[in-house]
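Consider the two complexes below, in which chain A is the common component and chain B and chain C are the respective partners.
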Partner chain A sequence: MSNFSFISDTEWRCGCCNKELQPSKVNVEYMGSVFNVELMACPACGFVLVPEKLALGKMLEVEQLLEDK
Partner chain B sequence: MNNDPRRDIISATESVCPTCLQRLSAVREKDGEDVYLVKKCPDHGEFDTIIWRGPLRFTSWNRPKMPSRPLQTFTKTKKGCPFDCGLCPEHGQHTCTALIEITARCNLRCKVCFADAGDHAAADPSLEKIAFYYDRLLAASGPCNIQLSGGEPTVRDDLADIIRLGRDKGFSFIQLNSNGIRLAEDKGYAKSLKAAGLSSVFLQFDGINDDVHLSLRGRALAAIKERAIVNCGFAGLGVVLVPTIVPGVNTGEIGSIINYAARFSPTVRGVHFQPVCYFGRYPQQPHDSTRITLPEILMHLEEQTGGEITANLFSPPSCEHALCSFHANFLVQDNYTLKGITSWQQICCSAAGQNREIPSAIEGREKSVSFTARQWSTPSQCDCATSRVQENEDELDYFLRRAKTHTFSISGMAFQDAWNLDLERLHGCCIHVVSPEGKIIPFCAYNLTSSRGRGLYRTSGG
Partner chain C sequence: MDQPQLRTLEATCIQEESPQCSAACPIHIDVRAFMGCLAKEDWRGARRVLDRTMPFADIVGRICDEPCRIACKRAEIGDPLAVGSLERFCVSTVPMVLKQPKLPAKGGSVAVIGSGLSAMTAALDLARKGRNVVMMTGDEEVGGSLRGYAEEILPARVLSGAVETLDSYGVNIQFGCSLNKEFFDIVRQDSDAVFFDRDCAGLAALSIDCTHPDPLTLAVGNDGCFAGGGTTENGFSIMKQVEDGRRASLSIERYLQKVSLTAQREREGSCQTRLHTVTIGIEPLKEVLPADPAAGFTKQEAAREASRCIQCECKECVKQCAFLQEFTDYPKRVARKIYNNQAIVQGTRTANKMINSCMLCGQCTVICPHDFPMAEVCRTTRENMVAKSTMPPSAHEFALQDMEFSLGEFSAMARHQPGLDSSRYLFYPGCQLAGSAPETVEQTYLHLTRHLDGGVGLMLGCCGIPAQWSGRQELFGQTMQTFQTEVRKLGDPLIITACSSCYAVFKEFAPELEVQSLWQILDKGELPEQKTAPPQQLLTIHDPCTVRHEPEIRASVRSILKKIGIATAEQPYSGELTDCCGYGGLMQFANVPLGEKASRAKGLRSDLDGLAYCAMCRDNLAASGRRIAHLLDYLFPAGGQEDPLLRPNPGFSGRHENRARLKQHLLTTLWQEEPTMPPEYKDIKLFIDAQVMVLMNKRHILEDDLQKVIFQAEQSGRRLIDPENGHFLASFKPVRVTYWVEYQPDKQGFVIHNAYSHRMILPGDVK
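Now for the complex of A and B:
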């Protein structure tokens, strides 16, 4: 799979480890559904950066689709 | 009430005597995993009816709501529930789905029929009368989802006009409750209903084999049902398959129905199970072995889909009383298997879920109206040919693309008859029928009959 959207150079560093973020395959879990995506993450502790564009874009759309009655 | 030492009283409610329909106090009694509704009429004795069977814990299946009163009531509270329906000021929920019976005529003679259709059918209500029904609904609850019902609504040649009238009045989701015969006969018919503004067909669908149809409906209908689905697909109408589940007849078809339905996604938007209930004349109480309860359907789903669909995916409803229904949402994957995309346990047991105040009934009603309209209509865009994750696409992209068209709901609703009627459930009912006088009456009260066949609200012949 290709993950072109959310892998990009970033000035953010990990606050705990002070390491540069690197592309990483992560599982995003929401209400029981798991999605494999690539995000920038700390190579030491695995803490991921969810860019605003992702949080307010695709993730919000997924959340709305999973919204139950 | 019962002196059986194995029985424990769980909670109290009210019901009616199946013989004389007088209101009685009742209790829910537990015996192992099973729960019974028990009541005693001073004139006609004790009645004991199964309401819950199986390992899913009865007491875990709850979803409380703060009652929310109708905007406008058409009756006063005098004798108390269930004798003042109209709705009365004591009713605890608004109309989510309103049934309008546009004819008492039918082109089938089914053993299981709520509407007592066919014999001595009353005259069809005029368009003016139906306009009045729509207006009464707007006054009582505001815009809600409409189900045109009967009899068999397609026997009316002005069905498209009735749909157009509803849309003009401001009802955005209109569904047709049908046996599918006319939809199957004429491809252009489904298109004409879609053009008039119909969104969805609630298709009676008791099984994939003709022996089930012959047993319940008296006619081999399997090929007819499939043609109806295909014609609706061409017309852009969503279809919900609605099996009436009768022990000994089609409990073994539950898994097959789901597999069949998923293959017709995205035309088929979901399956809605209805356990059989007993309206009409029954001199002897229907035996418990002739009843199937909601958790048993969940168990059959789990067993008959080889664990693909598990009971823990299902939630009690946000709109009607918890004991009335279950539902869960799925994604139909490329190989037509279903992947659960909601989990009640995760919602109710999360920190946010536990700390929430009890929501108002109208909040659940609003969610349910919009969810049902969206899920049971055909998707506006269909990218049906494309398959699994593609170039330049991650799993979120794939999910979003697929979920725009291939979501699928499985739900079930247990109607109540004179034996298992629980007035706490009736009080929170959101499925209402418009009576010929323009009263808004909860479905189970409207169809309630004593064991002698006397209706509480419905008059003979519709």
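Now for the complex of A and C:
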């Protein structure tokens, strides 16, 4: 998952800042492993979007892999 | 699990033992594989099976006297397999497929006296192993007594083909030798070991007594002479010739290598097998006979006859267990995988999921002829994983949090009967019944208080079995201790459990406490006045797996059913053999799809509508689509409930909320106490349609989680918005899991459109 990009156009806008989400590099972490990934986030406040497909797809896969390590 | 433990376990499961046929075969031909190949018309495959083990297959395959046939399992239910005729079919239609390689020469010279089948076999086996072999015979041809066969059974060209075969492995054949004492003295001097084939005319002249070889080693004397073959009190057996030739060659190998002639030879020759194969329910098909007996089998006939082979194996436990079927393995292999899994220091532990998928229900142990303790193996392995911090956190967390909630301030309580300050009894409905049917819990409790003397206290909580199942020994120990302290405070009343898991836990881990099941109490005492009419149709009883070893509880349940006029029919997998509904061992949490399969499988044991007396079985089977009621539904029906068989599965959220509501309700109505105030976020009202609810159940997301997310998002304003439809998307991480909710404000609350979660931690995760 390291250095992966999961950016894709989205209808979601930041409700706080009323901004369109932009690709943004963030560190995500699980079981002591840190990955730098590109996700859609609010350019003003940094609210990161994890879409359902990612949460139940690639992310779940990596989580389970790390749990079995 | 250490090596010796693994060995013991492996020896307990006999699935890998030989089938009866190959055990009975003196040279252990893999008859089962042979039949398997023929049945699928893999003729060359069948020939390869013979070539692997049978010397001179072209000869022996034609005349084998099939000692395995009487041992064939099919004989128990009809005709055994026609092994001999099928071998004959095979070798006369398919030429050799596999020529065994000759190993590099390694010295040691062996004389083989005689040229019958045992001499041929010994010479061939020893030459293959690289020994220098001279075969000496007074005859002019090989075969000994085999030359007496009619041409149409054993053609002369096939028999003499053996000479070429022996040649090709470098056996030096000397025909026309005069067998006398001088000849023998020279042979003895020139060779390190000698084998005498007793199917040979002139042996008597050799001044050595070959009549009584040692049955295990075939040694005559102790100076490297061996003898076998020929006619015995049982007559002249083809396979005896082959067996003796092979046994002698193995003895000579040992003799030449100067190792023990006798150690570990029990499995040579016909032997016993521990393989256990059940033939009940197998159709007793008649033997297929060749339409033209002289011509033997046609291909179709051979395939048909071979397909009668039942491919003997055990797997009796696997046939019934959804878990073992899912991982397509039998306990011996499961044990090996577990052993390997825990030996992994760095790398992926691929068996974790499997270890957490056993329902720990003990059905296999009852079925297994050797009581394989699969549940104990999996449970102790989980304990080890927890101790070594290799247990995947996601496997049991949801269930353990549910347990924590059941034991927490919003659901748990312990009180004497209202108005009394001591208890002779203590009703313990258990977390799942409280979650599934709270009104029924109340009714049952009131009934007990009315009919039992000396005060009936009430305790709501959880027995801690989820901790025990998930290998959390410390947590389980604490839970048991707290429970025991509470019981002591109430003056050690007799505990009445409605749940058989609680009953099992208290009995095993708090043996000094007095425990009885609600069913025993109700059966002995007074039953309520009936408010629900018994169903018109027959019901089948689904015993929970935790009463497998509790015949008295099972009998009480049946007795109550009779008294209240519910007609039931037993199904074969009940009682001691009953299945787990998928909750056992927390399997349905660690492996959601398998949990669904297991509950479906339990429900499908009978076509009839069901009756359960475990709340979890009831709810899981209801979720799987079965019409099923809980016994208490008929005894203490909840208001407004129509047909108990149609009561829906409350799901995880429903159970969670029910427990909290039950405590609040009982405290205020029966004890006139102020309820514990729920936290502020509980005021959030949700509207969730059935589809989203199903999704949330599968994803282990509770309404409680959604309330927390929305509460936090609405307070902080941190949420995404879709301008198209006005939906909001917000996330929150109460403990370790981040929940996402897509929702829409409504006049009275919030409509939920979707919910999902992940465990990966984001930088800004709101805690």
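As a convention for this text, the second predicted complex is superposed on the first by the 62 of 69 C-alpha atoms of A that agree within 3 Å, B and C clash if a C-alpha of one lies under 4 Å from a C-alpha of the other, contacts with A are read in each partner's own complex, and residues count from 1 in each chain.
Here, contacts are C-beta pairs under 8 Å (C-beta built on N, C-alpha and C of every residue); 3 or more make two chains touch, one makes a residue touch a chain.
Since we're looking at a predicted model, the values are computed, not measured.
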- Does chain B (first) or chain C (second) touch A:A44, or do both, or does neither? neither
- Message: I'd like to know which partner A:V62 touches here: chain B for first, chain C for second, both or neither.
- Response: both
- Message: Looking at A:N36, would you say it contacts chain B, chain C, both, or neither? Reply first, second, both or neither.
- Response: first
- Message: Residues of chain A touched by chain B versus by chain C: which partner has the larger set?
- Response: C
- Residue by residue on chain A, keep only those touching chain B in one complex and chain C in the other, then list them. 28, 31, 59, 62, 65, 67-69
- Query: In their complex, what parts of chain B are in touch with chain A?
  - Reply: 313, 315, 317-319, 327, 329, 339-343, 346-347, 364, 367-368, 370-372, 389, 391-397, 399-400, 403-404, 407
- Within their complex, state which residues of chain C touch chain A. 347-350, 352-353, 392-395, 717-724, 728-729, 731, 738, 740, 754, 756-764
- Message: Using the touch definition from the top, list the residues of chain A that touch chain B in their complex.
- Response: 1-5, 28, 31-33, 35-38, 58-59, 61-62, 65-69
- Query: Tell me, which parts of chain A touch chain C in their complex?
  - Reply: 11-16, 21, 26-31, 45-50, 52, 55-56, 59-60, 62-65, 67-69
